[in-house]
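Following are the structures in question.
In what follows, chain A forms one complex with chain B and a second complex with chain C.
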Partner chain A sequence: MIKSGFFERNLKYLFPLPALLFVLLLMVFPVLYTLFVSFTDWTLTSGRPMKFAGLGSYLKIMGEPRFLDAVGRTFYFTIGAVLAEAVLGTTIALVLNREFRGKNTLKFILLLPLVATPVAVGIVFNLFYDPTIGFLNYILSVLGLPQSGWVTASSTVLPSLMLVDIWQWTPMISLIVLAGLAGLSNEPYESAKVDGATSVQTFVHITLPMVMPTILTAIILRAVDALKTYDIIYAMTGGGPGYSSETLNILAYKFSFEYFNMGQASSILVFLFFIVLLFSIGVTKIRKLFEL
Partner chain B sequence: MKNSLKFRVGFPLLIVAIVIPMIFPFIWMFMSAFKTQVDIISWPPKFLFSPTLVNFNKVFNEQNFLLYLKNSIIVGVAAVFVSLLLGLPAAYSIARFKQKRLSMMILVARLMPGISFLMPWYIVFSRLGLMDSYTALILSHILIALPVVVWIMSSYFESVPMEMEESAMVDGATQQRAFVSIILPLSVPGIVTATTLSFIFSWNNFMFSQVLSMEKTRTLPIAVYNFMSYAEVDWGGVMAATVAIMTPAIILTMVFQKYVVKGLTMGAVKG
Partner chain C sequence: MKRILAVLLIVSLSFVVFAQGASEAPAKQQEIRVLLANHPYGELLKPLIPEFEAQSGIKVNYESLQESQLTQKLTTEFATGSSTVDVFMTRPLQEGLLFIKNGWYGSLAKYDFGDYPAASVDLGRKDGVPYIVPLVIEWQVMYYRKDLFKKAGVKVPTNFVELEAAAKALTKDGVAGFGSRGKGAAAVTQISSFIYNFGGNYLENNVAVFDSPEALEGFRYYGRLLGNYGPQGIASMSWENLMPVFQAGKLAMWTDASVFLGQVVDPTKTNIPAEDIGVAQLPAGPNGDSPFIVTSWGMAMSSKSKNPDAALQFLNWATSKELAVKGMLANIPMSRDSAWANDTVRKNMNAELIATQAHAAKNGYPLDRPFMSAVGQARDLIGEVIVEAIDTKGTSTRLPALATEKAKAVNELLKADGEYGGK
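Presenting the complex of A and B:
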């Protein structure tokens, strides 16, 4: 044991080295490059060489109404969808948190939306949303309600897209909260019973505080992805009608791969990254408060 | 209280209210894939119809879906395999040597918007003539699979007691030897979780393949999207294509249900 080889002494560093090199080469460098490009006015179409522009691209993007609208939409989409998912998901978890026949089958059904290909999910919902042959307008007409344009009308496109996100990701929150509930100890419940607490009191004073950290973690995980939602929006509307469902990620894609305006695309991406980062730090802080 | 009438009637109703919205889109997708165009556009929507295979015939014989299926499998399997090679030792090191900074890096990788590395790749890969190559696509998909592998496996390795390799090391084995011959075999459930989940994520990825692949290496999500954008009115064909892409992921989930649930909830619960 004393005379260990070079490899063994440095195992701590050698084991992660290949993964680290890979991440460095394919992620860290590219991201630094994007950061660098965000300070230039580079466009691929003009054929001009890259020129340093300081905060030029940032200022240009800030003055662009499409960008400001996209920021607002990104927040609206994320907050709306994730809040609904948290409430619905936790409720479903509380309903399912008991033994009953068919619980495993039900868990399998909960998994289905999570593993379904988002692009395909978007396409299936487009069929549902179709104004003339779609199932949802049929239901509205049966109920005697006015029909909706769903994703084809700029007033309803965002809520319609949020509904798809909610459908797909509510089960994720349910499964996480369910796993959290399964890990709770029984003791507080027993003493609450002895004290004659009602089920509402037990829920508010025992269950909720104990699963809150889990719920908040689930919210962070969801929100980080929701801020970057791309697949379903691109597949269902491509950011339209007009620009009415363009979020930051869609806008960044269009600026890079449709307009080839790399400078401004990069500044959008840097901005998006900081939003995601600040958000995660913020929620992590809130979570710590709950654990104290 | 459990056996009260209210509960016995109310609870199943509640379950039905949860299940139906969850599963109905899948049912509608499968039904539409077997409908003729006339049945699909009929109003009111039809629940009873005589099924046809015409849509699947279109997808697999007229469209090149077998090639896209093959591409998706090649890219997914290769990316997951390399990610395990790179990720297992890294995860082990994070678990055993408490490499907090490394696990932070993985977290930041999850936060990054994908386009922020796609754009530089696009430039580099086109200069290297690697656009529409398996190499570029597999490299990009490793970046999807690797964080999943490290994330899941580092918490799995933490749950394997240290005595396992210590006793082997007392017998004279090196730590790397103990890792390969003792820890890895003990970690098969974790590895199954990581493999299934990272394969599904690669399978479902749209953005990376959208930019890096063209006709030759196109994967299924792009093929389905393209099919939809030019055959917009051919809902039957498009639904058959979505069935083709979703079925493998659903079967994988059915087989590895326990592992998929673990993988998706892991880390969040432990905090």
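Presenting the complex of A and C:
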């Protein structure tokens, strides 16, 4: 029974082993490999084997005007979309936190955008946005308003894409905040009532501070996702017109799968990785302030 | 008992993780893996594959992918050395050089190329070894609305001056006079004929020359046409955006590849009766009359194939004379010479389309993009010049400087890949 004794003693290591292997193979390895490739000059178009290039890929990328533009756009998109989602999502959650008829139906309808496939959403919105045969410009013309180029004009493409992101992801923030609201204790509200606080005062001084950690959690989750947004942008504009909706993820995709410049593509991704990491650490710190 | 269960659980869970990598049971039957494109020819092949399987006893596992995803999948599999592909559809002008350079194509020295135009085979040849079987050809045509032309009293344009006048006359009542791809990189292939007809080119002896005065005229003319008479948002439109506009009756003329005729006249997709849709050759320019005519798709074998004999057998079948005729009858212009000589084909194909093909075959130019390994990045660079030309309706004062800057960047790419100035 020596053999089974070994299993008995090491069960605590053996049970998590499959999960651990899964994480190592499918999560840790790709990140490390990307990091490794980012220090090489690997391109497929040259037909040469990869060679260590130190920070060469990083320097080349830093000197590429499209990279700096993409960094700016990534932040613009994320901040714009997530702020709007946070405000709208919290408002909707506050409304849904009350009792009224048809509340469950409304909740159900709000859930629908969340379960839609982003690429399909992108295609449908492209039909809405089409400047010639699309629905939105038709509405504008019926109302006598000037028509917009939507995703086909470089000045409106990012706001148009943000609108899609807001449409799809506001419900997620609502759901998280709603769960937070449901968990609040009643006592502070009762004392506030006794002290004669108005509803605005109750909201600003009690509800908001108490639910803030939840809102921030929702913002972190959303922002990390928004920084990495790829599907709707790729499906709707592919980074265009020109490069005007090219975010870091789209740029990395182009460098890897259209230009086959793996070294530079990896350095873009490593950069994005650190942005997401720093951002998460930052917001987690802010969140701690509210928990005290 | 508990221990045994625990061990079993661990083993079975580990199997789930490693199942993908586990070796399969020894095959009694030969099997090959084929990657097809979402292209009319791929669609034609799919239902016929069981016939091949019955005849040859070879099992064919096929997958069908959109063209850019196909390139991506092939590249990823080959570059990581994990490929199990045996036969695949390939775009000679887009990925041919890249794949040849990396040694991903298998040699087709055993294939009979007698029935193909020599120039189309040579594009996929290196050091005397052929690597790509030309499959489908594509040339530039102009789809137009016969009814709108008649109503406006305009004749089908035969040169660029008439084309511009016609575009102007036909732009009214919510209809755009002229459309062609405006989305940067995608437009590179469609503007190519315009640049050739002004006497310009993308590369000459593997040096970028699209900043020459002739080429610049081409950019300006294209920008002027699309900026003034194109549908709204043209600078971000590719064929998939232009086709529905044409089908909805909002576009009078549309220049694009010949391959779309079938879809343009498909009564389930368009509001316009087929007799109102005409196909004409691209009008001639001041310095040329050379629409592109290219091998848009080919078929190739993987150099890593573990079943080269079965793969070659499939390739021979999939590119056979009989299937080429079937393709032609389904409105797919095939590379094989014999398919064009076939009587049934000549009787059944659109006569206007045959006429444009004859013109392009005689006068056309066999490239529609810069022929280089880094073609993807080069197309984006040239696309910037196109978008600038369209946005300014061809009047941009910084166009020459921009074109020179981008030509320099394309030359850098050529140099980095060891292709600059070579033959």
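The working rule: the second predicted complex is superposed on the first by the 280 of 292 C-alpha atoms of A that agree within 3 Å, B and C clash if a C-alpha of one lies under 4 Å from a C-alpha of the other, contacts with A are read in each partner's own complex, and residues count from 1 in each chain.
As a working rule, contacts are C-beta pairs under 8 Å (C-beta built on N, C-alpha and C of every residue); 3 or more make two chains touch, one makes a residue touch a chain.
The model shown is predicted, which means the values in this text are computed figures rather than measured ones.
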Practice task
Sticking to the clash and touch definitions up top, decide whether chain B and chain C on chain A clash or fit.
Solution key: clash
Exercise for the section: Could you say whether A:254 touches chain B, chain C, both of them, or neither, answering first, second, both or neither? Expected result: second
Practice task
Look at A:46 in the shared chain and tell me whether it touches chain B only, chain C only, both, or neither; answer first, second, both or neither.
Solution key: second
Practice task
Could you tell me if A:153 is touching chain B, chain C, both of them or neither one (first, second, both, neither)?
Solution key: second
Problem - Which superposed partner A:214 touches (first chain B, second chain C, both, neither) - result: first
Problem - First, second, both or neither for A:107, with chain B first and chain C second - result: first
Exercise for the section: Quick one: classify A:72 as touching chain B (first), chain C (second), both or neither. Expected result: neither
Problem - Partner, of chain C and chain B, that touches more residues belonging to chain A - result: B
Practice task
Go through the superposed model and pick first if A:241 touches only chain B, second if only chain C, both, or neither.
Solution key: second
Exercise for the section: State whether A:54 touches chain B only (first), chain C only (second), both chains, or neither. Expected result: neither
Exercise for the section: Identify the partner contact of A:23: answer first if only chain B is touched, second if only chain C is, both if each is, neither if none is. Expected result: first
Fill in the blank from the handout: Re chain C stretches 24-32, 42-50, 78-86 or 186-194: the one overlapping chain B is 78-86
Handout entry: Contacts on chain A seen with chain B and repeated with chain C across the two complexes
Key = 4, 7-8, 11, 15, 18, 22, 132-133, 257, 262
Handout entry: Touching residues on chain A, where the partner in the complex is chain C
Key = 4, 7-8, 11, 14-15, 17-18, 21-22, 25, 43-47, 130-133, 147, 149-153, 237-238, 240-243, 254, 257-262
Problem - chain B contact footprint on chain A (complex, rising order) - result: 1, 4-5, 7-8, 11-13, 15-16, 18-20, 22-23, 26-27, 29-31, 33-34, 37, 92, 95-96, 100, 102, 104, 106-121, 123-128, 132-133, 135, 138, 142, 167, 171-172, 175-176, 178-180, 183, 213-214, 217-218, 221, 224, 228, 230-231, 234-235, 249, 252-253, 256-257, 262, 265-266, 269-270, 272-273, 276-277, 280, 291
Handout entry: Interface residues, chain B side, partner chain A - complex
Key = 11, 14-15, 18-19, 21-23, 25-26, 28-29, 32, 40-45, 85-87, 89-90, 92-94, 97, 99, 102, 105, 109-122, 139-140, 142-143, 146, 150, 169, 174-176, 200, 203-204, 206-207, 211, 220-221, 224-225, 228, 235, 238-239, 241-242, 245-246, 249-250, 252-254, 257, 260-261, 264-265, 267-269, 271
Handout entry: Residue numbers on chain C that touch chain A, as the complex places them
Key = 3, 6-7, 10, 13-14, 16-17, 68, 71-72, 75-76, 79, 98, 101-102, 176, 183-184, 231-237, 241, 244-245, 248, 250, 373-374, 376-377, 380, 383-384, 387, 413, 416-418
